[in-house]
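Let me begin by handing over the structure; questions about it come next.
When the chains are written out, they are named A, B, C and D in that same order, and each has its own residue count from 1.
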Amino acid sequence: MIKVGVLGARGRMGAEVCRAVRDADGMELAAAVDQGDGLDALTAAEVVVDFTHPGVVMDNLQWCVKHGIHAVVGTTGFDAARLDSVRSWLEEGTGNVLIAPNFGIGAVLMMQFARKAAPFFESVEVVETHHPNKADAPSGTARRTAELIAAARAEAGAAPFPDATSTALDGARGADVEGVRVHAVRMSGAVAHQEVILGGHGELFTLRHDSMNRESFMPGVVLAVREVAGLPDRLTIGIESLLGL
Amino acid sequence: MIKVGVLGARGRMGAEVCRAVRDADGMELAAAVDQGDGLDALTAAEVVVDFTHPGVVMDNLQWCVKHGIHAVVGTTGFDAARLDSVRSWLEEGTGNVLIAPNFGIGAVLMMQFARKAAPFFESVEVVETHHPNKADAPSGTARRTAELIAAARAEAGAAPFPDATSTALDGARGADVEGVRVHAVRMSGAVAHQEVILGGHGELFTLRHDSMNRESFMPGVVLAVREVAGLPDRLTIGIESLLGL
Amino acid sequence: MIKVGVLGARGRMGAEVCRAVRDADGMELAAAVDQGDGLDALTAAEVVVDFTHPGVVMDNLQWCVKHGIHAVVGTTGFDAARLDSVRSWLEEGTGNVLIAPNFGIGAVLMMQFARKAAPFFESVEVVETHHPNKADAPSGTARRTAELIAAARAEAGAAPFPDATSTALDGARGADVEGVRVHAVRMSGAVAHQEVILGGHGELFTLRHDSMNRESFMPGVVLAVREVAGLPDRLTIGIESLLGL
Amino acid sequence: MIKVGVLGARGRMGAEVCRAVRDADGMELAAAVDQGDGLDALTAAEVVVDFTHPGVVMDNLQWCVKHGIHAVVGTTGFDAARLDSVRSWLEEGTGNVLIAPNFGIGAVLMMQFARKAAPFFESVEVVETHHPNKADAPSGTARRTAELIAAARAEAGAAPFPDATSTALDGARGADVEGVRVHAVRMSGAVAHQEVILGGHGELFTLRHDSMNRESFMPGVVLAVREVAGLPDRLTIGIESLLGL
């Protein structure tokens, strides 16, 4: 039984993590801590999951490393300087740290498979569909996917995408994200969906991800809790390596 | 056995029509005529199919009406003035005329179903995908579909589409065709594909058409040949009424 | 303002109807009645919506007709004998009755469009996808869709579907519903989805419906409340006629 | 310039290979040989591509290895005994051999991605769609995909797929290929299409491959011609390692 502590346990994501840990085989919820509580209850835990906010996550993390407790972090705001700090703490303390910007297994597989497949096709475009209350277009995931595709093609020396368009309505061909066309559909009834379409020589290859709710991040968090103690590196970024990618 | 004559029989479309007529049950190819041939061979036909060009189609059509031969016309370029001329000829002659801008049954069904469904959903967008050699974006079919959707919603007094986008990359939300967003994907390996996506209140409804080659127009032409003699009007525009729409 | 009464107001569907009526423009919730309450509160309503159960719906309906209140009924269990009773009541009373087995606009459009399109293609199959807790395979909607397709093709004298399969694993070609092949996918993460695929001569035409939650029935109920007073017939079965189908 | 020889050059696949080699950057067609021609013309080649038949491919291959010419082989019929023979020839001769049952990059990516992703989802099913003239159901590719999925899940100790179906029409739930459900749609207008659907916890992940014609194998053959000389092993099975998988 892995003993798990949750930081930010009364937040939206933290509450879901508590529920997911309770439901998962082979782990139990040893401590649920939020703003105003002390961290001491977390000493009962072997792994701490942190979904808090950028203002407190560094203190949390330093405390975990000092106490030899593995940490799985979903809080955002890690830049190079922050990662350097974590690395320096890890030189002293025990325990591993996994920081992931995205725990959605489907989303991560989509991005990594897109990156792997991109050099082998002549054309690649991204179409994402979200509910109409979304403020940004395209979505952060779609932009990130396009950047990974562009980088993979640059590295492989792939040719530019063929496109003979000579007469176009404004916007018809989507946004240009480092040369990759990205189209954003806004649709009542939709949640969060993305397609990466790759094509060439009489074939199309499509990767599609449909996310119906935020619960979809939980399997990735549970996987990280299960694997963090055995990771080969003291600091791991992203869940890609846990997925054999 | 319906006796069929084909005008423009050596052209790309005409040659396909000849083949389709030969293969279809209940009809036979009575005459195949092209540039340089006289029209007299067509007197053997009950129905003439015209895939020629705007410069000669009016003479062909007048000849058919005068000889009491029904005509199925796929040639483009019919404006209001031309249609008025055809109507005036029909007052004298016998025989019916069907003129259709599109004989693709799937494409016509997609457009008409989109038009019918559009008022009952909060959101409607169009995504079309074509081979990268296509010059215009979006496709003519996608534009026409968007116009039909816009007209149907205006007539029904439907609300504007919800869209809270406040930060967007240029082009991300597609082209605006009378208020309907249209996205054009250009993809090696693709032929001609279109999706109309409608959404609201926890549901999505999608109409998708995939056209792999120009052969897909032939069932519509064969259907028109079969039905033209029995049409309730002397002049019919489009194959919609043959599809019970 | 249409004054609406809801019968079965504390049930799962009834509670959603109350919410939908309150949110809709041009109508207000005049009475919310459930088991144990008398029906007298409903005299404040011009239209009553009934989502109760087969054991009480007939009494409810007779009361509505007697009081000249229009009724929109989602309760199941109406056979020919019950419909005859309703018709005989309507000869005396005033008010219209609309009884619908399915208020999902998307689902009804999918079925009716499938029925309309079916005669014009060589092949038609149905693929439905539901969550893995579903007891029956295929779904009732998929069976009903297949029956409508089969009936439409029989009426049009359409040819049997081409299928050269000579070596098949058991079940590979799906279930046979009156000659139409129906495939049932059971998938964690799915809710209720259905595709009708139609194909012929180099083209595919696909109708797809995705239902994410039961809320998706509400626009159909609201539409029925709005239209029931003006319907041409005293008794209407299904929402098809409200959708212009 | 890689000098390429083609064996089986007048066959359907061989003729396409000749065309693809001529069109590809960085390679030229040095010899095109078929039944009745001697093999000596192939001494002009650095790489030989063999699309012949099981009765002659072993002799061809032995000749290539003996002459130190790299071989890319698409001919079928290689069992363990044949592979052992090739290995023993390679101990003596120079040159590498790549034997692949499938040169379709999209198809291979779909299978390998499905295998990688399968352990991370609760449900996985396969839906393939082919033209109605196909004799077997499901397709060989679909069966192979299901076997790879089943093996990956067994190795990862994944739980059985959830499925509460208690009332089913015969065949509704598809064929059972080592526990994985496979559904085969037969559709006029279709060519060769496959979807692998994976689902769990509020998300779906779909891999889709559409193959419009046999030309889609050529990029895989060209890739193999380009890479065979530099492969780390003398004998390589499949193009997976060329795709970084």
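Note that in this section contacts are C-beta pairs under 8 Å (C-beta built on N, C-alpha and C of every residue); 3 or more make two chains touch, one makes a residue touch a chain.
The structure displayed is predicted, hence computed values, not measured ones.
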Any chain in contact with chain C as well as chain D: A, B
Chain separated most widely from chain D, comparing mean CA positions: C
A-D or A-C, whichever has more C-beta pairs in contact: A-D
Shared interface numbering between chain B and chain A [over half = same, under half = different]: same
Rounded Å distance, chain A centre to chain C centre (Cα mean): 40
Interchain centroid distance [CA atoms averaged], chain A/chain B, Å: 46
Centre-to-centre distance between chain D and chain A (centres being mean Cα positions), rounded to whole Å: 32
Multi-partner residues of chain B (at least 2 other chains): 121, 189, 200-204, 210, 212, 216
Graph class of chain-chain contacts, one of line, ring, star, complete, other: complete
Chain A - residues contacting chain D, complex: 104-106, 109-110, 113, 116-117, 120-121, 198, 200-216, 218-219, 223, 243-245
List of chain D residues in touch with chain B within their complex: 189, 191, 210, 212, 216
For the chain B and chain A complex, residues of the former touching the latter: 121-123, 125, 127, 129, 132-138, 161-177, 181-190, 197, 199-204
